[in-house]
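Each of the two complexes below includes chain A, the first together with chain B, the second together with chain C.
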Partner chain A sequence: MSPLALHTLPGRLARICVVAVIGFLILPPLVVTIAAFNEKALLAFPPERLSLRWFTKALTYEDFRAGFWNGLAVTVWASSIALIVGAAFAFALDRYEFRLKRTIETILLSSLIVPHFTIGLGFLIIAAQIGMARGFTVVVTAHVILVLPFVLRSVYVSLRNFDRRLEQAAESLGAPPARVLLTVTVPLLVPGLVSGWLLAAILSFNEFTASLFVTGQRTQTLPVAMYNYVREYADPSMAAISVLYIAATAALLTFANLYLGLGKVLNVEQPR
Partner chain B sequence: MTSRPFLGAFVAPAALCAVALVAALLAILQYSVRMHVPGSLEPGGFTLENFVALLKPLYARVFLDTAWICLLTAFATLLAGYPVAHALVHAKRPFVKGLILIIVVTPLFLGEVVRTYSWIIVLGNNGFINFVLWKLGLIASPIQLMFTTFGVVLALVHVTLPVMVVMLAAALAHIDPAYERAAASLGASPLRAFLTVTLPLSTPGILAGVTTAFAWTFSAFATPQLIGGGRVNMVSNLVYQLGFASFNFPFAAALSVAGLAMTFALLGLIRFGTRRFENVAQH
Partner chain C sequence: MSSSRASSPAVSLNAVSKSFGAIAALKATSLDIRPGELMTLLGPSGCGKTTLLNIVAGFLSADAGEVAIEGQRVNDVPTFQREIGMMFQSYALFPHMTVEANVGYGLKMRGMPRAEIRRRVADALVLVKLQGLEARKPSQLSGGQQQRTALARALVIEPKVLLLDEPFSALDKSLRGSMQIELKDIQRKLGIATIFVTHDQGEALSLSDRLAVMSEGVIRQVGTPHEVYADPADRFVASFIGDVNVIPGVVESLGDGHATIRVGNGHVGASRTHLADAAPGTPVDVFVRPEQITLAALRDGIPLAGKVRASVFQGGHTDVLVDVGAEVGAAVLVRLAGPAQVARWATGSPAGLVFAVDTVLAFPKAA
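Right after this comes the complex of A and B.
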């Protein structure tokens, strides 16, 4: 129970602030949705007549289509690799002591603080030196590094809430370590693994700045294609594709919240 | 525990990723002290010229502007995020809690391009804000919101808010409610209990939130590029311009190195300042 109860003046002010901030957060997605149905080719608010033509145009625009499939391929590879690498490392972090433990952890988490343009530039320079500039390998590698901290965190939180006695029971019944891992540990970690993978996939699919540096015409992902579009044209096709993006993201997050408990993943639940 | 099954297999892939990240950063460090050969992508011999050039007013100005925008964004985010985090943690109905959480975190997952584009429609001369103000009869002609620092900061707060709220909420959720009850039972008003008990106890969350908001703002590219439109420039825009318009990768690398140094220096300063404040508060 919060002491800042609603009948007090500070409590009321706090509530007004909360409503204002929530309004601020949902205003842009709301406005872009309305603009997407505008029939006119000019980006103006409010629309005079409604139309679906920009959705058709966005869905058939070649760069968006190519960008979508490129982005999807990069996302599936990057988030799956990050899941395996991150889950294994989170397990080692939770259970073992080993040399360079803190060093490796700090380096991997530093991609949260190091600017994406710096990481992008670094991978661009390396790729150019080994003759792989703008190829898929470099794009996927950069994405793995960028999403790894989120997988690490998600799996680590699940491991902290893990009941070790279940593993000990399997061990005492004679199961070798590999069997314990595959039949007890991994199945119990599934919610953490799924939410980690989902967060990684959403972030990778949306990643822009580093991708701008490491992708080329052939490998450009959807956000890069969209950025190039905004710079060239001003029609509402961009609004239409943004709406599809927003809807897909909100749906995925709602799913994540209902089935996996977003609050637990983000660690904002009060401990019981 | 002495037995560590599969240790190597669990750590090696992560170590490889760490090596890749370090290699990328070392590549930048290496390029930053090389000469730019116009017309060639290959850098020349070793030099410190790139760092000397950073002191030119043109570039120094961008660094100051960037630092200012980052600080402004970080503190605006803190002020806007705190009440929301408090409401999120103390919401009683799971539905309300879930709703606040989803609305708050969605911008985080929208990607910079979609978010920035949405803000263009909100801030533009034919955009939402100008339309509403004009309808209300408050303005006769559109007010300029695009290409201003205010517009850039507003759009940047939109993306730093989610992470700020999540970090503050994590800190608030782990404060034992018994402390506030104790303050109340000793006669403290709710406001006083909040200011003298809850707020100081949430300092770790405030620190983490401000630090991350600062670093993320520094990392932003599409927002200052599209909403700033060349009139509000941040280090990220300069790095891209130098790399892809002039192909001067050594200087772009030097800017990145200086940017990293500035981020870490300012973050250290924020931490130092907060510690001083805490010490004062304890006396």
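Right after this comes the complex of A and C.
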């Protein structure tokens, strides 16, 4: 018999817990999605009549459009720079012994501990001190710092799981170190690199707190534009954008899953 | 130099040593591998055999001593310029490449034209009986096929020396035997000098032209399988290779080339090679292999008498355990040919042990 029969009291409690957790995971996006189709200019639930007008509004509102393209540019630049820097550091941490190795690792991972607003504020002060405008350079740099630990971790884990004997085999077959790297190491690390990049991209595109400090009217990213909108209006276009967000992220992950396998992208499944 | 090339060993190690921190993995070891010979490095894990292989491959550098391949010092030559072929325990096939790309990898690195690579890869795949699987990925191959791919990949570059690191340990037992015969066949056909690392003494005895028995970073003995089995240099080699009975005894008398050892209620004649000038009364251990003892009915002149504790039918032979008295301790294992022996040497029946004198060895007690 099952060790925890469902009709006993602990069994029932366990069942309630599971249902509650799953419910709380599903409920917010569900409520928001339904609210997005409300015809009235109210964030109300449940809606009385359905309409697509807020999707049209969200897609045509100038601040959102600019914010989307700003955010996308920042995301692509920040994730790519973080990937290159993070991969280089992960490689060094995995392969070499050097002085202050642990200290450097701690510093690289520190933005996990430091609150985002601290990083944003810090960049704001530094930029003001050196007389730098609140341009894209500052925004991208702040985002690189924010996503670096995630990229570093992701690549580091792939390197840890990498079978060094494959490199030795390539070397024994006459491949000089640079060709070993290009023909064996890098191709096999691609899933780890892609997963690191995707994680960084999703985090960067959604980042709000630090962005609020370092962006200006010209450089504001989508989350910042949404915040500025909510301060003045409370119509369902917020909800509509949320739905578009979810759809876009789901599409991205589905794409990644199709071409690379979700297990590999999320680094839970080891390539043989 | 070039005139001495032909006669120089394929691989030559001269007083090579290697330490990891405070641990001496290899102590001033010298060994020559002759052209075309299959040399096995045999020993328990941690004996230094893999360290030695990695030094020849160039994955590790020696702390001291000299490594030469075909007469040329290679201490400072990186792995990719050593022209070695290596087969790894895990095979280390490139998982993102097909069988054909795996096997052709070394040729590609040598800048060979594509058509030539195709032709040589095809030949190598015929050699290891893998034709038709060119387009497969390693994950789509069985263990045996992966091993053949790894072998083809190492051989196709026509290396100066082939290095095999426990190549059979990942195969199941039924496949192992046939792969061993095939490997030996290919190695002999190509006449390629080979260093084979294993901890499996059966494998070592059946495949090697010569073998080096290692323990604790030292080569204990180098010889043909027969030499090492029949005339082990020390206690370690004697007990590591093959089954052996170790029976405690005391030197009774030393003659010309022979010694008489008192064991329990009887005595055994042994070769005195390893006893030097041991005085009568010195405690020793008698080493005797189970197939070098026969059982006979008790009668006068039987040197050692005992009582059968158990008879175990093993198919081709029968293992009989004989108690020879409390002072000896462990029972003596006797291996008799033929299946009919179980009934004859039933548990409890008295039995006399007869030793083939020149196969019995005695070593001084371990210090």
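For this structure, a couple of remarks:
Definition applied: the second predicted complex is superposed on the first by the 237 of 272 C-alpha atoms of A that agree within 3 Å, B and C clash if a C-alpha of one lies under 4 Å from a C-alpha of the other, contacts with A are read in each partner's own complex, and residues count from 1 in each chain.
Basically, a residue touches a chain if its C-beta (ideal position, glycine included) is under 8 Å from a C-beta of that chain, and two chains touch if they have at least 3 such contacts.
Bear in mind the structure is a predicted one, so any value in this text is a computation, not a measurement.
Considered on the superposed chain A, chain B and chain C are sterically compatible, since they fit side by side. Using the contact criterion defined above for the overlaid structures, shared-chain residue A:Ala201 touches neither chain B nor chain C, since it reaches no partner.
Of the two partner chains placed by the overlay, neither chain B nor chain C lies in contact with A:Ala240.
In the superposition on chain A, A:Ala58 makes contact with neither chain B nor chain C. Geometry note, superposition on chain A: angle between chain B and chain C about the Cα centre of chain A is 100 degrees, to the nearest 10. In the overlay built on the shared chain, the residue A:Ile22 is in contact with chain B alone; chain C does not reach it. Between chain B and chain C, B contacts the larger number of chain A residues. When the two complexes are overlaid on their common chain A, residue A:Leu83 makes contact with neither chain B nor chain C.
Shared-chain residue A:Val140: touches no atom of chain B or chain C. Between chain B and chain C the least C-alpha distance in the superposed model amounts to 8 Å. Shared interface residues of chain A (contacting chain B in one complex, chain C in the other): 177, 271.
If you check the complex, the residues on chain B that touch chain A are 1, 3-7, 9-11, 13-15, 17-18, 20-25, 27-28, 31, 41, 80-81, 83-84, 86-90, 97-98, 100-107, 109-115, 117-122, 124, 126-128, 131, 157-158, 161, 166, 169-170, 173-174, 177, 180-181, 183-184, 190-191, 193-194, 212, 215, 218-222, 226, 236, 239-240, 243, 249, 252-253, 256, 259-260, 263, 267. On the chain A side of its complex with chain C, the touching residues are 163, 165-166, 168-177, 179, 183-184, 187-188, 271-272.
Contact residues on chain A toward chain B in their complex (touch as defined above): 1-5, 8, 10-11, 14-15, 17-18, 21-22, 24-29, 31-32, 35, 42-46, 84-86, 88-89, 91-92, 95-96, 98, 100, 103-104, 107-108, 110-119, 121-126, 128-129, 141, 144-145, 148, 177-178, 181, 202-203, 205-209, 212-213, 223, 226-227, 230-231, 238-239, 242, 245-246, 249-250, 252-254, 257, 262-263, 266-271. Put simply, chain C touches chain A in their complex at residues 57-59, 78-86, 88, 90, 92-96, 105-106, 109-110, 138-139, 153-154, 157, 163.
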